[in-house]
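Which chain is which? They are A, B and C, in the order written, and residues in each are numbered from 1.
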Amino acid sequence: MCGIVGLFLKDRTLEPELGALLSAMLVTMTDRGPDSAGIAIYGAGTDGAVKITVQSPQPEADFPGLEAALAPASEGTARVAIKSTHAVITVPAAHAEAVRAALGTVAPAIRVMGVGENVEIYKEVGLPRDVLARFGIAAMAGTHGIGHTRMATESAVTTLGAHPFSTGPDQCLVHNGSLSNHNNLRRELTREGMRFETENDSEVAAAYLTAEMASGKNLGEALEGALGDLDGFYTFVVGTRSGFGVLRDPIACKPAVMAETDRYVAFGSEYRALVGLPGIETARIWEPEPATVYFWDHRTAA
Amino acid sequence: MPVFDLSVTPLRDLNSALHGLNDGANDTVFEVTNPRGHHAVAVGINAPVTVKVHGSVGYYCAGMNDGGNVTVHGSAGPGVAENMMSGTVVIEGDASQYAGATGRGGLLVVKGNAASRCGISMKGIDIVVHGSIGHMSAFMAQAGNLVVLGDAGEALGDSLYEARLFVRGSVKSLGADCIEKEMRPEHLALLADLLARAGADADPASFRRYGSARRLYTFHIDNADAY
Amino acid sequence: MSYHNPQTPPRKSATFDDHTLAEIRRAAATGIYDIRGGGTKRKLPHFDDLLFLGASISRYPLEGYRERCDTSVTLGTRFAKKPIHLKIPITIAGMSFGALSAQAKEALGRGATLSGTSTTTGDGGMTDEERGHSDILVYQYLPSRYGMNPKDLRRADAIEVVVGQGAKPGGGGMLLGQKISDRVAEMRILPKGIDQRSACRHPDWTGPDDLEIKILELREITDWEKPIYVKVGGARPYYDTALAVKAGADVVVLDGMQGGTAATQDVFIEHVGQPTLACIRPAVQALQDLGLHRKVQLIVSGGIRNGADVAKAMALGADAVSIGTAALVAIGDNDPKWEAEYQALGSTAGAYDDWHEGRDPAGITTQDPALASRLDPVAAGRRLANYLKVMTLEAQTIARACGHNSLHNLEPEDLCALTMEAAAMARVPLAGTDWYPGKSGF
């Protein structure tokens, strides 16, 4: 139903190529998900600033005056960079909440795709190649990223229904599979204060991990918890500000291939997503084990 | 002599200390101060311990007491000594409703008055009330003795089984299937013993006895209005 | 040549049908209302009106026999130091020694123990045999307090404060004199042979504010070890569940009007209470509104017959179910092999419900030693264990087909309803639609 990819760079000299490498991986996965595509790139941040990636169904109406419209809330500090249907608002952390709140009134049609110091998230309905081109992903640099091509199952083919799902700062998740207890879990998480934008089962998985991490767990521990609390079939690839994780359910039907070299860790739903990576011929290639948490972090790896 | 000041010590500490006693610990005396209307004070006692409570307690004081001697120097809330198995519970003040409810054994003494439903569903306990009791007392009482030196409220002994009721004062009204019965010598002897054990100075001959007419023991339509 | 006017054939009234007429004559002749067991006999919206959707392409099923589908359940995780762990989410409901023979109680204990689940005492106290044959025994705390004592309270694995039963929410029990044997009379401290009237209200508390204090007392007596269940009849499930929880229950037992083993007036059985199907969602809603769904466990009973019923109750939000009537049938109640004797009692196998009279040919609902000795508790316990195993496998089969690795992951969204009534009561869409009565928009 979907294709998912992920790339976590260990070698900083590869960082300028992240967007290009990830784009190529994602396009290879078009057959698995022609409905929509999405990508999250963890790029350079500005000290003390937060990036808010937003999407609008009427960008020509909402975006040109957005910087001015947000000036009162940001005290003139918000900067808006428009990319097709998306825009990245950069604002000092102290003003981030005020800007998010102001968005609802100055441009009610705008939806927040993700928030964080480093992450930018782009997703749209359409073929992966077109979606990637529209946002110029291939030109982007970064430390790690994840991507998704979607064949919708039980929820709508919309921008909001596309992956990655981001439910916490610098956190995002892509999912291949189908969860079978997401309705109950969504009700529980809603009661605990999580907000949901869609009826998508994968958003529930993302919110679950966010809630677990909010309670003090690291990504690896949160993924361990998911093994007990999430029912159904899943392969998740998850990003945090400095971390990258992979988890397959105990049955592990949905495909997953990983590659690791001194320069990177890569994930693909199929091996062909990995074949364009540098040095793939000599990489360690393996299929992740069922019910096993795989987890890398720039901060702990160093 | 352990002292539990319930204004600073959790109730749990008191009750778990009481439950932790060995069978041989029969000279143990517990003092409880500042009960301040706490519920479930000294419940589930299962050893011959003496507990002196200085002040008034809330619901279910000495509930299910089995062998303890509990004295409340104050008044007791609802359900004091409920389902008592054995031992003695003395309330120096008044008792609220349900005093001695479903009690199976032991002696409950209320020095003041007891409110409504005293001895409700009693199953073998002896209850002596120095003052008066409220309405619906000894409702569905199955076994045991209820002695009242003062007056009884309305519907005494409604749907009574085999419990014996002795009242010295007036009875406002009798409940369904409860009738006055002859006071025979064995009843006078029983009463004298109970009065002595309860420290009550009263002449057994001045009491009247009430019991079940046993008309409701087997259903008959002509008694339907009594149900 | 003769001509006959056409005549209308005799027509019986739908209102005054044969059963109604017979009951009027019986009442007029005896002056006693009809008392019986066996639960409501009218047709009610029930689990049969729900279907599972199953998995195909948008969801994937699990392989039977290979891929794990957990059936265990833990009850009493909220406050109790010693929660109860069951291997299957099907428990045996409270039925008293007195109502049932010692052999029948033993059979229930044996069957439950073989299956890793619990059984429950009833109105009349705990017997040594029952304690001995039940690994996990829930001790009922009833209005009558027959047989209640602190020793049994401490040797129980959980305490169930019974506020009501599905067969008679708001009513008390009735055990006719025929069943008050020497032993039953001694346990209940009653004269032998008299009708025993159980109270409908607890003698020493009324309402949720008092209940909270009563639960505190029971916890203090048992040193906070035992899970405290509160059992209510299906009357006002939202409020009764919410109030049981607010009063401090670890587990809520909710018994719909199909709950069947309690002997009481026919008019009560047939006209008071709500169907089990209608009770579950409001109760679950109450738990969810309090943020305690799955934290305070919900046991549903009343008309549970097979693994599909188990799965449906759990999909609607129950943590476990409880069976009474079905367990009695499994150990041999209403067996056609006693047909001649059922006929002699004016009944027939499958319809015998005078369980309170103590003349049960199957030896189950009786205190008659000759009748009771007909039931072999070992063989009957085996039958119960077999039946519980079948129900569990059935429920697992359904859960796997819906893609769940645990029965507890079944969801309302796995269901659709065949009738408008069931759709409204279970709040699941009418089959083929995405709508149920009461859903916003209509």
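By our rule, a contact is a pair of C-beta atoms (placed from the backbone, for glycine too) under 8 Å apart; a residue touches a chain by one contact, two chains touch by 3 or more.
Small disclaimer: the values here were computed from a predicted structure and weren't measured.
Distance from chain B peaks, on a Cα-centroid basis, for A.
The chain occupying the central position, as judged from C-alpha centroids, is C.
In whole angstrom, the spacing between the mean C-alpha positions of chain A and chain C is 49.
Note: centroid distance chain B to chain C, computed from Cα atoms, is 35 Å. Centroid to centroid, with C-alpha atoms defining each point, chain A and chain B lie 70 Å apart. Residue positions of chain B with contacts to 2 or more other chains are absent.
Contact residues of chain A toward chain C in the complex are 153-154, 177-178, 180-181, 183-184, 187-188, 191-192, 231-233, 250-251, 253.
Taken in their complex, chain C has these residues touching chain B: 30-32, 144-145, 148-151, 153, 176-177, 188-191, 194-195, 197, 199, 203-205, 210, 213-214, 216-217, 220-224. Residues of chain B touching chain C in their complex: 11-12, 15-16, 19, 39-40, 43-44, 46, 58-60, 63-64, 66, 78-79, 82-83, 85, 98, 101-102, 104, 117, 120-121, 123-124, 139-140, 142-143, 159, 161-162, 214, 216-222, 224.
Against chain A, the residues of chain C that register as touching in their complex are 55, 57-60, 62, 67-68, 288, 291, 293-294, 402-406, 409, 411-413.
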